[in-house]
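Heads up: the structure comes next, in C-alpha cells.
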C-alpha cells in the first residue's frame, strides 16, 4: 500500500464527510403564522452543529496531513488504524444531525443528543491517538524522526483532546449547548495551533522526503 | 502543509458541494388533478437555484485554481482562511434548498429566502477576498509576483463582487427572483472573465513554478 | 488552468454524480399486507434507472478521459464548455429520481418522466458534442492531432448519440420503459465501443504526451 | 486509458460510497413517552449495518489497490469489469438502508432485507472475482507476474468470499442478524489478512514499477 493512495483515499473521505454536513441542515417547514425568518432563526442548533463539525473535521484533515508528512512507510496495522479513524470521522454527520434536531427542545433529548455528539468526538479522538501512537512507536514507519520534544508536545495535544472531549461529555448533562461550544473551542484551539507551526519546519519542504511516498 | 494537498482537498470539497446541489431538486409530489409536467414546471425555482449555485461554485473553483497557481508557499493563516472559504462554499446547498422551496410562494418567505441566499454568497465573497488579500499582501507566499496592475485588476473584481452581492441582498426585498438572477449574472460575468484570460499568461505553463507546489 | 486540475475536478464531479445515484433508491415503505419482497420488486423502475444512469455517467467518464488524453492545452472556452458538460451530467440524478418514482404508475406521469430523462441525456450529449467540436476544431488545443478518419469516426459516434437520444425522447410517448431501455442500449454500445479500442493506440502509453498535462 | 485515472476514479467512487453510508442513519423520531436514548438504542440495526458496510467497502478499496499495484496495462474488458465492480459497490448503501429499516421488525421483512444485503455482497464479490480473473489470466496486463502460489492464494480468498456470502445468504432465512454478522466477520478477516502482508513484498516499494502506471 503506497502512502499516496492512502492519503488520497483519506482526503476523499474527509472532504466528503465535511461537505455532507450541509445536507443535514434542512430548509425549515413553516408552521401557521410563522415567518420564514423566524423558522430560520429557530434552527440555530443546525448552524452551530454545522460549524463545530466542520471545524472538527477540518482540523482532523489538517492533523492527518501533518502526521502523514512524517510517515515514510505504511504497514498493515496503520492501514487498519486509518480505516478505524475514517469510520468514526465518517460517522460525525449522524450525531450532527441528531444535535440539530434535538438540541432546541431541551430536556433529556437535548442532553442525550449532546452526549452522543461528544461521545463520537471522543471516540474519534481515541482513534486518532491510537494511529499517532502506532506511527511514533519507533522509527520503522517514519522517514525522519522528529525531535523527541516535538513528539511529546503532539502527545500532550492528543491527551488534551481526550480530556476536553470527556469533559464535554460530562458537561452534556449540565448544559447541552455549552458542551457543543466546548467541542467547538477545542477545534478552534487545534486549528490555530496547527496554523501557528512555522512552514519552514515542514518535511514537505524537502522534496526527497515528500517524494518517498 | 503542501500546496498540492491543500488544492486536492479544496477541489474535493468544491466538487462535492457542486454535485450535492442536485439532491435538493426533489421529484415533485403530484396533487390531485395535476399532471407531472405541470408539477415539474412549478418547480422552476429549483432549476434556477441549481443553475445559479452551480455557476457560482464553478466560478469559485476556477478562481481558487487561478489564485493558487501563483502561490508557492502555504502558511498557517492561509490554511485557516482557506478552511473558512470552504465552510461558506460548502454551505451554499442549504440556501439553495431554501430558495428552491420558498421562492415560488412569494411574500415574506420568498424575500427571506432570497436574502439568505444573497447573504451567504456575500459572505463567501468576503471569505475569498480575505484569502486573496492575505496571499497578495506581500511576496512571502508568491512564487513569482504578478505585475501590480494584474493584482489591482483582481482586487477590483473582488470589490465588484462584494458590491453586486450586497446589491442583490438589497434587491431581495423588491424582487426575490431578480435578486437570484443578479447573482447568476455575476457568476456568468466571472466565468467569461476567467475564460478570457489568454492561456499563455498562466504560470502553469511553466513546469518549474508548477512543480514548486 | 492546467489540464491535470481540470481532469481531477471533472473526475470528482463524475465520481460523485455516479455514486449519488444510489441515494435515490429509497428503502420501500410497506403497505398493509405487503411483504418486503413484493415491495422491493415493485421498485423495479428505481433499479432500471440506476443501471441506465450508472452506465451513462460511466461512459461519459470513459469518453471524457479519452478526449482529454488528446488535449495538450486548455483555453477559456474549453473551461466553460467543460463546466457546461458537468452541469448537465451533474443533473442526471434528478431525472433518474423522477423516473424511479413515476415510471411505475404509467400514463402521463410515466411518459413525462421518461421524456424528461431522455431530454436531459440529449442535452448532456449536445454539451459533450460541443466540447468535442471545440477541441477538434483545429490543432491549437491538441498535442498530437489524431488521424482525420479517427476524428470523423468520433464525430459520427456523437451524431449517433444525438439521433438515438432524440429517438428515445420521441419513444417516451409510446412506451416510457422502452425509451429508458433504448438509453441503456446506447450507453452499452458506447461502453463496448470504448472498450474495443486497442490499448496500444492510446496516447497515454507515451510518457511525453501524458506528462505534457 | 491510463491506470492512474482508473485508480483515481475508482478511489473517488469507493470513498464516496463509504461516506454516503452515514446518511442512511437518520436521527430517530421520538414516539410519545420515548426518550431519545431509547430511540437511539432501538436503531441498533442502523449502526450494525453501517459498521459491516463500512468494513466491506474499506476492504474492497484495500483489495482494489492491491490488485492494481500489479497491473501495468489497462485494456477494454478491464475497464468494463471495473465499472461493473463499481456499479455493485456503489449500490451497497441501498441494501444497507433496507437492513437498517427492516431488520428490527423481524419476520419476513428482516429475512428479506438480510437476503438482499447478502445477495448484493455476493454479486459484488462475483464482480471482483471476475476482474481478478481477467487481470491474472495471463501476463499481458501485469507488470511483473507475482509467483504462482501468491495468485493461487488470492484465488482461494476470492472463492472463500463467494462461499461465505452464499452461506450468509442462506443464513438470512434462519437469522437475519446472524447473516449480517457473518458478512462483518468476512470483512474483518479480509481486513486483517490484507494488513498482514509484509510491506516489503509490495511492488509499490519499487519506484520503477510504481511509475509505470
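Chains: A, B, C and D, in written order; residue numbering restarts at 1 for each.
Definition applied: a residue touches a chain if its C-beta (ideal position, glycine included) is under 8 Å from a C-beta of that chain, and two chains touch if they have at least 3 such contacts.
This is a predicted model, so every value here is computed, not measured.
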Quote the value, from 0 to 180 degrees and to the nearest 5, of the angle by which the CA atoms of chain A must be rotated to coincide with those of chain B.
90
On a CA-centroid basis, which chain has its centre farthest from chain B's?
D
Are the interface residues of chain B and chain C largely the same numbers on each copy, more than half shared, or largely different?
different
Distance from the mean Cα position of chain D to that of chain C, given in whole angstrom:
25
Centroid distance [mean C-alpha coordinates] between chain D and chain B, Å
36
Hey, what residues on chain D touch two or more of the other chains?
8, 12, 16, 20, 23
Listed by label, touching pairs are A-B, A-D, B-C, C-D
Residue set of chain A touching chain D in the complex reads 1-2, 5, 8-9, 12-13, 16-17, 20, 23, 73-77, 79-80, 83, 86-87, 90-94, 97-98, 100-102, 108-109, 112-113, 116
Note: in the complex, chain B contacts chain C through residues 7-8, 11-12, 14-16, 18-23, 25-28, 30, 35-37, 40, 50-51, 54-55, 58, 61-62, 65-66, 69, 191-192, 194-197, 199, 202, 204, 210
